[in-house]
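Note sheet for the following structure.
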Amino acid sequence: MGVVVQTIPRAAPELISRLAQAGVATVHEAQGRTGCMAARMRPVWRGASIAGSAVTISAPPGDNWMLHVAIEQLQPGDILALAPTSSCDMGYFGDLLASSAMARGCKGLVIDAGVRDIADLQAMGFPVWSTAISAQGTVKETLGSVNVPIVCAGQQVMAGDVIVADDDGVVVVPHLRAGDVAAKAEARLASEALRRKRLAAGELGLDIYNMRPRLAEKGLKYV
Amino acid sequence: MGVVVQTIPRAAPELISRLAQAGVATVHEAQGRTGCMAARMRPVWRGASIAGSAVTISAPPGDNWMLHVAIEQLQPGDILALAPTSSCDMGYFGDLLASSAMARGCKGLVIDAGVRDIADLQAMGFPVWSTAISAQGTVKETLGSVNVPIVCAGQQVMAGDVIVADDDGVVVVPHLRAGDVAAKAEARLASEALRRKRLAAGELGLDIYNMRPRLAEKGLKYV
Amino acid sequence: MGVVVQTIPRAAPELISRLAQAGVATVHEAQGRTGCMAARMRPVWRGASIAGSAVTISAPPGDNWMLHVAIEQLQPGDILALAPTSSCDMGYFGDLLASSAMARGCKGLVIDAGVRDIADLQAMGFPVWSTAISAQGTVKETLGSVNVPIVCAGQQVMAGDVIVADDDGVVVVPHLRAGDVAAKAEARLASEALRRKRLAAGELGLDIYNMRPRLAEKGLKYV
Amino acid sequence: MGVVVQTIPRAAPELISRLAQAGVATVHEAQGRTGCMAARMRPVWRGASIAGSAVTISAPPGDNWMLHVAIEQLQPGDILALAPTSSCDMGYFGDLLASSAMARGCKGLVIDAGVRDIADLQAMGFPVWSTAISAQGTVKETLGSVNVPIVCAGQQVMAGDVIVADDDGVVVVPHLRAGDVAAKAEARLASEALRRKRLAAGELGLDIYNMRPRLAEKGLKYV
Amino acid sequence: MGVVVQTIPRAAPELISRLAQAGVATVHEAQGRTGCMAARMRPVWRGASIAGSAVTISAPPGDNWMLHVAIEQLQPGDILALAPTSSCDMGYFGDLLASSAMARGCKGLVIDAGVRDIADLQAMGFPVWSTAISAQGTVKETLGSVNVPIVCAGQQVMAGDVIVADDDGVVVVPHLRAGDVAAKAEARLASEALRRKRLAAGELGLDIYNMRPRLAEKGLKYV
Amino acid sequence: MGVVVQTIPRAAPELISRLAQAGVATVHEAQGRTGCMAARMRPVWRGASIAGSAVTISAPPGDNWMLHVAIEQLQPGDILALAPTSSCDMGYFGDLLASSAMARGCKGLVIDAGVRDIADLQAMGFPVWSTAISAQGTVKETLGSVNVPIVCAGQQVMAGDVIVADDDGVVVVPHLRAGDVAAKAEARLASEALRRKRLAAGELGLDIYNMRPRLAEKGLKYV
């Protein structure tokens, strides 16, 4: 506790932008079905779809002091990712901190705790994914750390990992894998476009994916 | 496990349409306050209001293979109803399966598990009620069954039962009771319209329903 | 059980209106970070922001009879606050009761249980904060009490306390403290407006609040 | 609601006793991995292991009146199974009802709600599986039904189904399948005894079940 | 926050001892089915059964400083009751604090949060009811208050209220009602003893309580 | 997915044994209040207290195939640690796997999912910490990985990390920190022994830790 790491790796902006384009569900599949945060991590308002490098925060329960420290470490395009050291649903973040983060070019916040001023956050267009919404504010008494590894909604996040977030939730991509995952995600999107057309035309997945023989082999019985 | 029932009973379209008209809360009352799924079953997007015959799916946790099998069994106007054999919040269903289901005339999905691509589902106008939203995808390795009885969010659903779903949640009507319940629901709606008018005019429920004597008899004291 | 208190104190309308203006998060801070209901208490639809005097209801699980009794006790501008005597997520309140409450000038409902007819509630513009949404209706068999102290979503509410509710949740202000809290909330809003401007201009909270010396004293290390 | 079915089918006592002998986990496997109640259903005290025919109860939330009605329907060896019509954790059952049930030869209670007097229940040797423990008592105001189908902790239970319960939880066996399941369970126990001996001697499951080729075929890599 | 009330009322030891004798479930009934904490409040070890005057603690999440302050306020026979100002499951209390509390004559702890060193607590014979068990320790940075009103597991507790706790959970009795409730509880115990004997002898509750006419009147049908 | 790492680091047995001696709560404090798994991770039976090197398992939901693979990688004194790739409460592990693990010298299992045959596990003296108990068995269809990093009940676990588990829960110590943490834990135990004696003799923590000046400085008021 009480450490701020000032230099972190970041994936290339072009890779980050391609991951944002692909979206959470596709990136998760492209990465071998890993990296997806728990389903309790939900957008505070719907319609945003972002990706960025994680500036991580490990904070005590009910204490948001480290958010101020972390904001100084932000570079344009970064995403704040906060995990409390123990389960907590208090409102760590509101419109003042959002103003500050936006002024530094921050793209959004992912937090395994609560946030508040949500009407303002939506009006400002600052996207937040959280596990709670609560008006109950926090104190500034105890140190935490910035840019150390955290576990956020069940996923390990290292500073500089790429976070992709949309209405489906949040996925974490280790920054060294960003290029590989982006490529695989795009391949997936291309093949999905084809399949979507065939499915929408009424062809069955059973036929498109040739599932019938394997279903029969496993013993599926039609009665 | 591993059974697909291909012939199921269905209520008459006219009855189904009358139940959709009545809505979930009224149908639940008309049916003697039974059939309501647990409150954790929520619409993925609000504003849809549907009814249809259930094509049921019993699926292993984290395995959506049977959805492809079930889609072949759909008739226009049907609703897919899926229950995993053990509690699971992974994303079983997304825009590709929705394209396929819509092509078969499916009216919507009710699932005691997670779904994904929710922005697409809303854009497509495909209504879904689920107990989770999660980008985390599933595998296709283990058989389940189609059109067997399932327990979905605390309610037994038989293939062909009428499912009614709106912003309040989901209710299940055994297909043989559809006519009776539709009639009772309509009677309820008529009497509610009257009472709504009187209540909106400022009359008290205490007087409209003549509750004062029974409250006094039970011992209610005004101080 | 079985008591209706007919005379309750109420804060002055002017104070109530100032508290509504300040909003839940600010009122909670102004009151010394107390009074905030648990995060599970959420608006049924977003965008409403109200304050009013509480008419409290203690109701048995699954029994909404006392709502009719409470509605008679409403004065224009009041807010209904209901807590079941044991955890319950059934739908105690729907469009009929909302019609009746609105006719009496009621501003909204806060309920540590479920509600239904939510599409109607939104269409009518009647704001509700609840801990569940459920189509499952209740009975009218067992007495409860009106205008007795209740514990609602973790907070004690006395009849006549001021309830403030918006998209962030719900906070309770004892009616005797309303003036003091309103004044403190307004002072807070004024100082926040200033700080918001500076933060939005890119100044850091670390500097505005002069946090660096205290962080150093606590041992924060930059690496 | 408000129905008591007085005649129910029951499996032969010899079959029931064989199922009790096999235990919950083995019966669940023998039945094709079905029938297991949700993990929230736990024994109030550990060490009991029972089986019996279900006398089912559908009860309103917070109302235990139907337990008295159900006790009259008990035959020696039966098990009471109660599901509230909506989620409820109040204490429906305590030492008085246990005295009454034991006097009728009842073997135990399975309840998707709360119980109380648990120190007494253990002292009396009356086994209970519940989803909550709560001192909060219930009322006797609203009818429910006895020996109708219920959904209890996620499983459908018909009156007369065999309930098997031990420290692992509860499984339901349709009474017509009792013989078949008992036979399969015993075959399983026999083969498990053999395998247990080999595993305890240090042989690996990988070899006993010949898993290595299939793992390799699926692509497992040792690094 | 930051207040220690040093003088609190206490019920007479003789009344407290009679309430302990009656037990939680009976006291709850005798008090008109009120005062019972939520079912998530469970004993850390089973078999203890206590009553005492509450010394209340309102503590910040993850901060146990006020426990040291409260221990100084204990008189022999008192019970510590702690509620965090926001939901928290960290381990506020362990064997060191238990040693200190026992040295002051404290009878036990009731806490709407976590505790640790539970093997030691049981070995020392210090009874604790909590809503979590967690090894994760807390800090001592932020003030709370002692002997102010708190809401603990859904129940309001005033300093000096009588807390009764056993294996069934915890109930709170306002200290001014202690005599009345104790008398009613004892009357209940006497009448229950009689009924227990008749029920154990095989008489039905239906007959002892003369329920049949009222069940018939409500419409119960035997089929 | 589908990788088995065969060589992992392990802390010296002497260090592991010292950590076991210190216990979970003390190790957690000695490590700077980090490493503690979430409170939902509980012992299946109480009284065991162990430490060992983690053999980690990442498994699909409802699929326990990788446990067989992992058992081959065990060395005497190791502890199995399993996390499903998505939340799952099925019973992955029972007496057969326990027989096999014990034959390899395994000291216990820590699993963020369910287990079964718990009466047997206790009788065999095989300690298990889990987040659920469930008789519902799993399949063997999909690959996972062994000795890769996992997140288990909110904590990152690397293969070879030291796991310490007792009645308070589970804490993870990175294997390179084992010596440092063991030394700090022992220092803590020594100083705690002294303080325990003073506290048990009636001295107050307020005095032993000299808290009064700092409480006064923070503004604590005695009234």
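Some points to look at:
We call the chains A, B, C, D, E and F, going by the order they appear; numbering starts again at 1 in every chain.
Criterion: a residue touches a chain if its C-beta (ideal position, glycine included) is under 8 Å from a C-beta of that chain, and two chains touch if they have at least 3 such contacts.
Here the structure is a predicted model, which is why all the values come from computation and not from measurement.
Minimum number of contact steps separating subunit A from subunit D: 2. Across C-D and A-C, it is A-C that has more C-beta pairs touching.
Between subunit A and subunit B the centroid-to-centroid distance comes to 31 Å (mean Cα coordinates, whole Å).
Subunit C and subunit F, compared by their mean Cα positions, are separated by 41 Å. Each chain gets a centre from the mean of its Cα atoms; for subunit A and subunit E, those two points are 42 Å apart. Looking at subunit B, residues 33, 39, 85, 87, 89, 134, 136, 139, 142 sit in touch with two or more other chains. Chain pairs that touch one another, listed by label: A-B, A-C, A-E, A-F, B-C, B-D, B-F, C-D, C-E, D-E, D-F, E-F. Residues of subunit E touching subunit C in their complex: 1, 32-34, 38-39, 85, 87, 149, 151, 154-156.
Here subunit E touches subunit D in the complex through residues 24-25, 28-29, 33, 36, 39, 42, 46-47, 49, 166-171, 192, 195-196, 199-202, 204-206, 209, 211, 215, 218-223, going by the rule given at the top. Across the interface of their complex, subunit C is touched by residues 60-63, 85-90, 134, 136, 139, 141-142 of subunit D.
Contact residues on subunit A toward subunit C in their complex (touch as defined above): 2-6, 65, 68-69, 71-72, 89, 91, 94-97, 99-100, 102-104, 114, 116-119, 132-137, 139-140, 142-143.
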